[in-house]
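Got some structures for you, see below.
Here chain A shows up in two complexes: once beside chain B, once beside chain C.
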Partner chain A sequence: MSKMGTLYAPGNSIFHRMDGSVKMLLFAAWTIATFLFLDLRVFVVMLLVGLGLLLSAKIPFRRIRVIFWVMIVFNVFNTAFILLITPTYGSELTGTSTPVLNIGYNTINLETLFYVLTLTTKYITLLPISLLFIFTTHPSQFASSLNRIGIPYKIAYAVNIAFRYIPDIQSEFRSITNSMQMRGIGFRKGDAPFIQRVKNVTSIAFPMLYSSLQRIEVVSNAMELRGFGKHRRRTWYHMEKYQGIDYLVGTLSILLIAGSIWMKVSVLKGFWYPL
Partner chain B sequence: MISFHNFSFQYQKLTEPTLRNINLDIRPGEKILIAGPSGSGKSTLAHCINGLIPFTYEGKLEGTMTLHGESTTGKSIFEISQSVGTILQDLDGQFIGLSVGEDVAFSFENDGVPRAQMKQEVERALTTVNMLDYIDQSPHDLSGGQKQRVSLAGILSTQADILLFDEPLANLDPASGKQAMKMIDDIHQQTNKTIIIIEHRIEDVLEQLIDRIVVMSEGEIQAIGTPDEILSSDILRKHGLREPLYIEALKYAGCELSAADELTQLHHINVPKFENALTSWYNAGTASTSSPSKQPLLDVQNVRFSYDGEHEVIRGVSFQVQTGEIVALLGNNGAGKSTLSHLIMGIVRQSSGEIRLQGEEIRNWSIRKRGEQIGYVMQNPNQMITQHMIWDEVALGLTIRGVSKETIDAKVEHILRICGLYPYRNWPISALSYGQKKRVTIAAVLAMEPKLIILDEPTAGQDYKHYTEFMEFIAELARTGLSFIFITHDMHLALEYTDSAVVISGGEVIANDKVASVLTNAEVIERANLKETSLSVLARVIGLPSAEGFVQHFINYEKQVKHHE
Partner chain C sequence: MNQKSIFNFSTLVVVAIGIGAALYGFLGFFGFTVGPQTWVKPAIAFLTIFGALFGPIVGLLIGLIGHVITDLISGGIVWWGWAFGSALIGLFSGFVFMNKDFNVKAGSYAKKHIYQILIYGLIGCIVGIGEATLFDIFIMGEPVDKMAVQFWGAVLANIATVTVLGLPIVLAILRVNKKSSNLTIEK
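Take a look at the complex of A and B:
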């Protein structure tokens, strides 16, 4: 987490300069394209392009490490469950069955293995573009983008403020647990039986809630005293005029949506299985 | 400019009015201090001025309030905020933008100012407060004084002609507080805006010229006058407010004060009049009794620590705390005070050096094990309290230890009696005042029977009266053999209640001595963002031989007075 308390990683790539709303459009187009297909060829191409874009943004790896591993673990579990629960699902898509491994109650076949590979690639395809969107968009810019695409600015601002308080709440949580531990109240494994630990953690909710309410009161007073909500529209310090790159990427995104719908309807209709 | 006439206000949820019969005229360009103990109604009055009452806090209004000659009834909070700019007490809470520039721009954004013009205006406002270099930084990375400059820039940008400061000194170390008052004064001189300051730290506010002081207590205005008039009377003390230390010293020395003595400006004070009385009072002082050497309870030896393995934040700190001693840990924000307390509590471990408790090295003790010997009380009691009832809160630690019910009952009862909370034992904690909650947190820590208690900013958020009560209670506990470390930047607190002071700056101990000598040492004061006490200034102005001796005499004398009260 940066000191600003957000996931934003400062930088000066094309993506950092791109308007938040255009990035949202790109993200949406990418997601639509991904979900339309079940074709490994498409995903490999998109994944390579996505990785190229991600590398060009030069986000330090340690910043994205956590999310990266969460995605990988999710995929591993997902794969395992599909293989264990529906080991022959691939056959339903291809109509053939090539047994590979006997797991007692059923047999995993090659079709399912290929299906799982396709599915995993599909999810991973979304990873680079999501990371790009999350780490190169300044939260305030994000709020102004939400407002630009028609979401009322009060709601857009609420999103912004919520992101802002995550680190404050984290540090408060830490200092409260520390003071509780000094009084012998255990939160760690081995300090107390599991049930007691759960109880101890929930008891923190009371002071946390109290201070959150206080925080909300202070910030809403501060906002009101400085004229928040005075007019129906407001301007944004962080809203840039659309640049050439914004129009370009916007157009490409729309082309991507249109193109992938056309492909889906007329060329790559179903599950691609070359074996 | 602002005028209250027979004005009263009662919050919707309360049965009694919080403000009663307020009659006050604030003139254009005036610089006015509204002082009062907690619960006096001074914050409520501030809310009436900036429009939060009645727009956010509802209630019953009587009488009239006019702003620029027009009644505020029927006006929206936005109309009022165009003339009244408010700087709130909670410096962190009031930042809205993620960068300095964005925060200053906030009111422009709400006014729909076009972006190009907004950038220019923001830069101009930041130039006024000398903070332009920080435009892209996060407000949270700034020091307390810088934060205040940024919030001031945010208000200056609104063109409001009245500036309302709600406890501007609350979270600042002494030197930053002094700078903040200077900055307010500069703005006043440059713009001639009307300045209203709500504060109870009167001595610090009066370092700069103030036109009038309004003393509030129990919802009413008790006195309005020039600082000289107010200081020469007994009004402040009578209403539970702290007089400037040098005024106290003059009164202890038996000087007759009058409004003509230029009491507000210490450097111009009427020296011939006070010289004799002060000199003889000083000479009557007996040498302070040196405390007999006791057992060191906590022994910190050459401790070093860094968070990242590269930049050391604690660089070879050593100090001791004796049994029954109260030690002040002083230092500017970011000096390493909190890290040091975390090291003692075991939240982080030192990279080298030793921490001994009663001679035993505690390096490998867990937080919980240390917690049996060392208690820690956070600044804000609301962050420590987890139970609904006082009794349960105090019993919590013992219950978890698995102590038998009878023992717990006996102990909790005993502790509640010591802490003066026994009459409230079956009350819900939410019904208590801030100061009482603070006592509950101490009681809860005492129940664990620690030998040392670390108090983080023990007096924050309390006015003089409650502060004195609370500190007398702590001093009483110290006399039973309990030791305390105060982490604080409140110098009055250090002066009156601690035996010695450890001053930290840049992760090193730069002084470790009696409080009187630390606070009269110019080099230490400078490096640790402290401030010379007005007592030593007085000693110099009068021409007494030793400022340190004078301060020490004052402390001893005050202890005697408090003891007899």
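Take a look at the complex of A and C:
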């Protein structure tokens, strides 16, 4: 957790050299394309392409291992809840019902199992490009990219501040909890009864809030003294000229959006069920 | 430093959005499960607090940016439906700020403002989580019945957080600020 807020993994792949705003466009196009469909064929193709791109960026696997685990655990739980709460939901989509497993109050059918597989693949399809984006974009480049795709620079700067202050807030949080524990306020299981622990945890909120409000004062005064916000536009230290690869990926992203909308409207309209 | 306009993007507001989002984004990691895929996020209380302190636009942006940060760092995927849900909760919790006679910095408030914080918090939770639920049903393709369970779990959990954690902290700040601003001019 110590590296939180700076997930960036330095490297020299094609994605590291690509401009942040183009990666943002690719990320948006990929997300929109995934959102449009509920079709396993589309997701398998996209997932394979995405994994290929992820491998090409050569992000060290131990950095992204945890995220893969979170994703797997999430999907296992999501699947379990869907199967338990709506065991026959798949039939509503396909109109057929092939019973597989009796769970007492209802029967899980094959259509639902296939639906859950499709949904899980849909969620996993979102992962590769998202990882590419966070792990290959330098945090300082992030703000200039946001500004470049049309977000007002004051909001882009606010996003920049947010990313920059997460490590500070993290250490603040640690020192507050440590000093409270030294005074005998317990946070862990076994330290105090549950209700008391909830009260103890919420008591962190007040010092966290006050230190943040103080920080807001200090930082905004410092920025004001340096003339932040005087002009309607600003330049960015990390902004670079677009290269050939940026134009190429930008065009491909727009084609991806257009192509997937066309596919959705004319070819693959609903849920795909082969059996 | 007495701006009450909500569209005034002063440096203070820019920094408040940034640090508020960092706070909401970081504290978003902590929570405990109450239902299927549903967490009580104590961090929601910070939307109530920052909304009351800085207004609806700041609340909206803190909700959106903070939620995206939590998602990106913890799971790699941004759940846009829920991120916009957080944004809506932040927006609604800022409406109390627009009362002319409500000012956290000066510690001035009336009883009706407490009810407003609660009612806007309630509406915000229903609208925000309702939006997230509809998004998951129509865009993600989740089953309606499962999302209904998630909806009620999340709404009740968030309303409880706003009432038990958010409101008391806002009131405490108001009282502290009132104590330091009750000087009168002697004639």
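By definition in this document, the second predicted complex is superposed on the first by the 270 of 275 C-alpha atoms of A that agree within 3 Å, B and C clash if a C-alpha of one lies under 4 Å from a C-alpha of the other, contacts with A are read in each partner's own complex, and residues count from 1 in each chain.
Just so we're on the same page, contacts are C-beta pairs under 8 Å (C-beta built on N, C-alpha and C of every residue); 3 or more make two chains touch, one makes a residue touch a chain.
None of these values were measured; they are calculated from a predicted model.
After superposition on chain A, the partners chain B and chain C are seen to fit next to each other with no clash. Of the two partner chains placed around the shared chain by superposition, chain B and chain C are both touched by A:F228. Of the two partner chains placed by the overlay, only chain C lies in contact with A:F81; chain B stays clear of it. Shared-chain residue A:Y123: touches chain C; no touch with chain B. Judged by the touch definition given at the top, the superposed model places A:L131 against chain C, while chain B stays out of reach.
When both complexes are overlaid on chain A, the residue A:A258 reaches neither chain B nor chain C. Of the two partner chains placed by superposition, only chain B is touched by A:M239; chain C is not. By the touch criterion defined above, A:I151 lies against neither chain B nor chain C after alignment on the C-alpha atoms of chain A.
In the superposition on chain A, A:L7 makes contact with chain C only, not with chain B.
Of the two partner chains placed by the overlay, only chain B lies in contact with A:P139; chain C stays clear of it. Figure legend note: chain B and chain C, brought together by superposition on chain A, show a least Cα distance of 7 Å.
On chain A, the patch touched by chain B and the patch touched by chain C overlap at residues 4-5, 161, 164, 168, 206, 215, 219-220, 223-224, 228-229. Within the complex formed with chain A, the chain B residues making contact are 50-52, 55-56, 77-78, 81, 85-86, 88, 90, 92-99, 101-102, 105-115, 118-119, 122, 138, 140-141, 154-155, 158, 342, 345, 347, 367-368, 370-372, 374-378, 380, 382-387, 396-397, 400-401, 444-445, 448. Within the complex, the chain A residues that touch chain C are 4-5, 7, 31, 35, 38, 64, 67, 70-71, 74, 77-78, 81-82, 85-86, 89, 119, 122-123, 126-127, 130-131, 134, 152, 154-155, 157-166, 168-170, 173, 201-202, 205-206, 208-209, 212-213, 215-217, 219-220, 223-224, 228-229, 271.
Of all residues in chain C, those touching chain A in their complex are 9-12, 14-23, 25-27, 30, 36-37, 42, 45-46, 49, 53, 61, 65-66, 69, 72-78, 80, 139-146, 149, 164-165, 169, 172-173. Contact residues on chain A toward chain B in their complex (touch as defined above): 3-6, 138-140, 161, 164, 168, 172, 175-176, 178-186, 191-192, 196, 203-204, 206-207, 210-211, 214-215, 218-231, 233-239.
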